[in-house]
């Protein structure tokens, strides 16, 4: 394992520390317990939005703390959900009296810890609503699984819910928008390589030189199916095919296309993937009116990509376009 | 004094658990890497080291229930992941079950084990055969119940529980998972032991071993 | 070699094609010859700025085409400088009558091809000025080398020169600002892994599991020195030490700190590096007033990082803060 | 007919060069990977394949100088990197040197080779011993000059040039580079052959071989 780290035990605190200095104009970090919060929090009368989960997915979530998006992010250890304490602390730090929304990716650990935190915060008189994100079509949603995972679609939920909160929507409305985005976004990913969790020191799985993992998660867990390497276009056809099968589009409907790198993928490859995805959507009569290409929900240094499609309407489009100022997403100011 | 177990046993159990989890840290990471995300050993080790530290802060008057309670809150606030809230709830329910009792006889132990198992089910909604820690806990509870009914000593109750938990953990290997990360793998989870069931078996074995040591003393 | 590509021969055109669709709001791409240009080019009376070089360094340069930065970017084949033809075409496309600045990284191939292109454009009556960027302190600048390489500092030159052109400076003034930035920025990098050029199919060099390459370039060429892996902090001390030795700071002077990922480095590692770099600068009494952390000048999927320090003054700071709207760098609008 | 070489030879030379560069594509990539950026073989192959295509567009009346000129512009617009402008300039200067001549005798060939070498120096500012293609070209020019002075035939002049270029390319191995990417490596360039010197030697060998074929014909 070769990494630019010091003691593996300090990876998260050192990274969060550096992040807070680099972006001191928009955030500050608390280190005990660890969370990142907007420097102007709490904002009186504004619904606070808190997300979090295991580290290793950067810029998710701390990179999305700032005007028009999250009020706080709670990074757990690498690939392990945070405990309730920092979630409660972050929730209190952003409560401006209008209540707090928890945006939680659907993993047992994240759900259970955010649940406990919500109970504790509620016990302290803070109104908390929770929205679970589960956009990963690689997992069959059935009684026989823990349900679909929350992956790259989370970024879209956070941006759009953040815009709603920023314009003054109340807690119920912000939660409703977040739920709406989650219900209209689907994602599927592929990995070319595994990643190494610092404290584990070994890859979470191994792929032969000609193998790729279809339906990869974002915690270094293996995917759904292992196949031989294919040209980028056929891989895109697989991923996007699964997405569109799960959420069909009528011709003329509008979409936001997110091509998300898993952390170690060169940008040229992301745009080669984007090119084919846009081509396929066009063939199906889907109008891509918004696009996002880059590393937004990653698995450390993993090489791979996920494709997310969000079915837009005028409300979602205008909330997407609303100004945002975070470390990883910024426009309009 | 084999007829009941006191706070000394409870403290010794947590100490022994911290040791055995440290020894099995890499083994549990490896199991979790195969069908999860490779952190279970790290999480459990972190949590029980923290719990160990809290024991000293307890007054000498602390009851077994007090020990379980501080372990519960410490695990909840240090383990994270799925295991943190689940083990935390288990110890919390166990502490409520034994109340303020100074010493635990066989029936009390059975109550504690049952409450712990029920707590995990309450939070995690897993059923037997879902390839989770429940597959270690439920056989353990059943075996402990039977042993106690047959008049076994606390140590023998724990021995029955530990034996059953180990068999239960082993029995998760052929299963497809229906809860937790392993459920994402479908058929590919077959042939791998569930890490949480394994750590549960290790904890119960530690409980039996320190009880035996106490019994022989 | 595992990559999300189709035919290695088409990597650049497919990536540029995808890039142009994803960012059609700010750029358009020509594919014969290949270059990326602002959709509103040429802007009458504004100095045009063209940069370019081998591909594989994305987002450099196409990711910096847009308001307040570059008017056009000319991507050559992977790690190979473009030929004069597309450079000439791009130069003509952005000439608004006020002349065109070529920002060229100091590599023999880039310099020779841009030289030829400048001659040809001049022959067609376009006033062309050229600024060579050579910020890499890993290379001894002497008669015994081709001179220092242009690396991550190029981004800072392009941003600040772009702001000067946008505010209406004339060609000489824009060239002077670019030269000033280059004279005040120094960079040094390290690689943990090599990268694989698509048409080569093999890594350009190999590092053992415990080796790192200090003073790495951005074309997969080996660096200056191979050492055993060290904790991130000591690696930072090496890199930053070389930078500050080459360009000493007086206490109280202000700096922009750029921590640049080489493409495959997880973000947590970049911020761990940033944290130590900021710490060292603070110890030396240098005030870091601006920061940039991310993948800006990359070598495909290489894992590693470079640290750049730009000595700021009020003029450079205000030009840095000026609005910019490109695919990879955006603020103020 | 061994006394002079015409456009047929020039065309055959470019054709043979395209072949030998295709065959040596990987070898040149490997050399460049060791002390450069691993693209020299790719660049040269791309350039000469393009030049090959342009030959057909030339009228039958084309002179050797016409052939050199179209090769020059094609290399400049297709090779890129350092080698593109350098080889492009070399062929451009050679075409100017031979002017409109229908056929090239030994002295004319020497003029062409000298002009080519001088063109590369003009653009690249390299000196002998800098570990560049110049270390193949300068010995080649010197050997060709001497051979011509001794009354050698055009074929013999090219043979002398090719032999000297190969020795020159080999002689770059112990050198530290002072130009091009290899110069970034300092001492670490020692022991590796310069890819551009190698491709130059391949080109001159091809020139000699097609001349011999012509002479024997």
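A, B, C and D are the chain letters, set down in written order, and residue numbers restart from 1 in every chain.
As a convention for this text, a contact is a pair of C-beta atoms (placed from the backbone, for glycine too) under 8 Å apart; a residue touches a chain by one contact, two chains touch by 3 or more.
Given the structure is predicted, the values throughout are model-derived calculations rather than measurements.
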Shared chain contacts [chain B and chain D, defined touch]: none
Graph distance between chain A and chain D, where chains that touch are linked: 2
Farthest chain (mean CA position) relative to chain A: D
Separation of mean Cα positions, chain D and chain C [Å, integer]: 33
Chain A-chain C separation of Cα centroids, rounded to whole Å: 29
Interchain centroid distance [CA atoms averaged], chain B/chain C, Å: 56
In chain D, residues with contacts to at least two other chains: none
Chain A residues counted as touching two or more neighbouring chains: 78
Arrangement of touching chains [line / ring / star / complete / other]: line
Touching chain combinations (by label order): A-B, A-C, C-D
Residues of chain A that touch chain B when the two form their complex: 54, 76-85, 107-109, 112-113, 115-116, 138-140, 143-146, 149, 197, 199-200, 202, 204-205, 217, 219-222, 224
Complex contact set, residues of chain A against chain C: 1-7, 11-12, 14-19, 21-23, 55-56, 58-59, 63, 78, 192-193, 195, 207, 209-210, 212, 229, 231-233, 235, 259, 263-276, 278, 291, 293, 295, 298, 300-301, 303-305, 330-333
Parts of chain B lying in touch with chain A, wherever the complex brings them together: 29, 33, 36-39, 42-43, 46, 76-86, 123-124, 176, 178-181, 183-186, 188
